[in-house]
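First chain written, first letter: the chains are A, B, C and D, and each begins at residue 1.
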Amino acid sequence: MAEKSSEIETLLAELGRSFHARGWALGTSGNFSAVVSRDPLRLAITSTGLDKGCLTADQFVHLDESGTVKHGSGQPSAETALHLVIVRVRGAGAVLHTHSVWSTIVSGEHAARHGLWIEGYEMLKGLEGVRSHTHREWLPIVENDQDMPKLAGIVEALLKKHPEAHGFLLRGHGLYTWGDDLAQAKRHLEILEFLLEVIGRSRRSESAASSQH
Amino acid sequence: MAEKSSEIETLLAELGRSFHARGWALGTSGNFSAVVSRDPLRLAITSTGLDKGCLTADQFVHLDESGTVKHGSGQPSAETALHLVIVRVRGAGAVLHTHSVWSTIVSGEHAARHGLWIEGYEMLKGLEGVRSHTHREWLPIVENDQDMPKLAGIVEALLKKHPEAHGFLLRGHGLYTWGDDLAQAKRHLEILEFLLEVIGRSRRSESAASSQH
Amino acid sequence: MAEKSSEIETLLAELGRSFHARGWALGTSGNFSAVVSRDPLRLAITSTGLDKGCLTADQFVHLDESGTVKHGSGQPSAETALHLVIVRVRGAGAVLHTHSVWSTIVSGEHAARHGLWIEGYEMLKGLEGVRSHTHREWLPIVENDQDMPKLAGIVEALLKKHPEAHGFLLRGHGLYTWGDDLAQAKRHLEILEFLLEVIGRSRRSESAASSQH
Amino acid sequence: MAEKSSEIETLLAELGRSFHARGWALGTSGNFSAVVSRDPLRLAITSTGLDKGCLTADQFVHLDESGTVKHGSGQPSAETALHLVIVRVRGAGAVLHTHSVWSTIVSGEHAARHGLWIEGYEMLKGLEGVRSHTHREWLPIVENDQDMPKLAGIVEALLKKHPEAHGFLLRGHGLYTWGDDLAQAKRHLEILEFLLEVIGRSRRSESAASSQH
């Protein structure tokens, strides 16, 4: 278990540094987690306030299902409650949260409709269970909030209401996505960030592919 | 032959990783192939579902002209039939397929006209056989389809109808291009991606170079 | 002290090279400083006219509070007076100045109002002392001037008038920000550059998050 | 001399690879030269048709003032005549030519006026001899042409008509700039590419800094 855990944290740290390089986790933004044990639940998650450009494997702590630190030093990310809800409701093995320019812009533009439909893109097929570009993906948008227990409750209700969703946006804040394992979560993140950039750059053009309804 | 094959796959894997770094092959998108033998035909092609950010030479399989795997483990890319058609009809030595933000956007904007003219750019001269920036290049756009035999038939007809084309777009999906060898295919890819970005960024300006007719 | 100083300059040089790679310090633009001693004040600052793409630790000079070079060869940056004012008025431990495309554009668009409000973005929470995305951050814009004593006086008055500001823009010139130490200054720089890009890219859209008042 | 020449070519090759990484020299676009001897004139220049992403020091040839190859194998760049004119008329020690997305777009948008004024940007101060952001820089635009002797004649007349210019654009083709030595030419290139991106991204906004007249 120790080795597996250490390996996951090394992979998470590499991912974090690469997201920082792409501009998806500047400042101290972004947080990343992966399940290292199911029973009892142990979730490795980034400590709070770190520069993701030099993230290392020893900057993760292990939490139990209540968010109590069971291993490692440092304060877990302030958004720990959202990670735990996603792990519990979706059975996710990894949760990734980024703050990109395009997810921030798109989350504001579509906030009034509480989400956006994404449709007609081959890239959608990379989302688990999607078989065709004709798939319609609903990406919900939640109002941002500093009250974490309240926000976690809203996210839990959202996940149950949209069991087919592969991610969601926090308004003016960024993207959350997840996967059965870290590789799937990374795939979902790259796909959703790509699609948000396509939609963001297309948004003022009448003739763009009809991606929003 | 074994050495030459191994060298080609090493080069294809490097290319794949560099395209991922540029954002042209995120998620598991993109697939790449090169002919390692003409008689009998052996085509090295990426296996399906790979993260191109860490593509390695051993993640390719060898196919014969019917698409049967003759070497290597793993399922060949779902778009194998398109690669084989291009190799057969064009005599290509390498085929590259990317999913960039700009090719996705431009493919949607020009879909109703089934393609776009590109003209007036010096960069066109890097396309094989083109001698002047005054050359008019027709870049066809095909509706995306999950029925691969059907799509391969449409692409075959398209290649025969436009024997001078250096590539084509699948709507909402991305760019296919090719070359006599891998270096030429890479050159064509960089040139077409560059031109699609120029056209995409110019599209709302009346005074832009008249690239579309 | 010598070791600490050398370490700071190594970190500043790494930062400078990374900002150049992101396109935030092209040409010979940008200058960076950090306090290596408080009493007497010694400020390590980039020499003038350097290519930041290959910045090294030995390309810094040490100044006293009057701007006199006390250590190292080379002419200190022409904007030394601004760094010294920020260190004196804010008690900053590090000052970073970049010239990005978006800070240049946004500084021109909002110049008539002498600044812009930034509000509603989670990323604001990375600015020291900010606790919520509902925080309203005023980013002042100063007219650019080649008369450095005059400009330093204007900046000093500005810093005193807006004690809560985390940075300011020089019109058509770029961003200044700072922090208690180099890590905090880097965090503030990444956050403000991110927000300026979001605002610059959102500016023509009616439905964007209301970031400007 | 041999060592100095070899060093210059190593630096030119590094520059070429870095411009390719930034997307300023995709396909086989871009060419780069530096004077390795003044009397007799020997100009090291990239051979034609190279992938700049893997440019090496041995891919340069040495020319005399008439364009005859005196050293090295390979065909010199097709645009050799432009490099030689710039070296002769300006006394340049290095000439750099890139094809960026923004220089291509801006060269089309301003072609009818045969150039554009750039004014009000601090970045202008990095151009040799410029002392203030209030400087007005005229960046001429020349119609692209495949007749190289004719184009070289036009460029020669242009350089004499605008002795203060630090570069020029070829329409739909890209940017030429130069410097007394390679470091100055690189500085001019980064500055002009930066300013063209600022102008290109600002162009549809009424409130942008007044950079065009």
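By our rule, contacts are C-beta pairs under 8 Å (C-beta built on N, C-alpha and C of every residue); 3 or more make two chains touch, one makes a residue touch a chain.
Quick caveat: nothing in here was measured; it's all calculated off a predicted structure.
Asks: Where centres are the averaged C-alpha coordinates, which chain has the largest centre distance to chain C?
Replies: Relative to chain C, the chain whose C-alpha centre sits farthest away is B.
Asks: How many angstrom lie between the CA centroids of chain A and chain D, rounded to a whole number?
Replies: Inter-chain centre distance comes to 43 Å.
Asks: Would you kindly tell me how far, in whole Å, the mean C-alpha position of chain D lies from that of chain B?
Replies: 31
Asks: Among the residues of chain B, which are close enough to touch at least two other chains?
Replies: In chain B, residues 204 touch at least two other chains, as defined above.
Asks: Among the chains present, which pairs are found to touch?
Replies: A-B, A-C, B-D, C-D
Asks: Per the contact definition, I'd like the list of chain D residues that touch chain B in the complex.
Replies: Touching chain B from chain D are residues 23, 26-29, 51, 53, 99, 101, 104-105, 107-109, 111-112, 144, 146, 170-174, 200, 203-204.
Asks: Once bound in the complex, which stretches of chain C touch chain A?
Replies: Chain C reaches chain A through residues 18, 22, 120-123, 126, 131-134, 183, 186-188, 190-191, 193-194, 197-198, 201-202, 204-205, 207-209.
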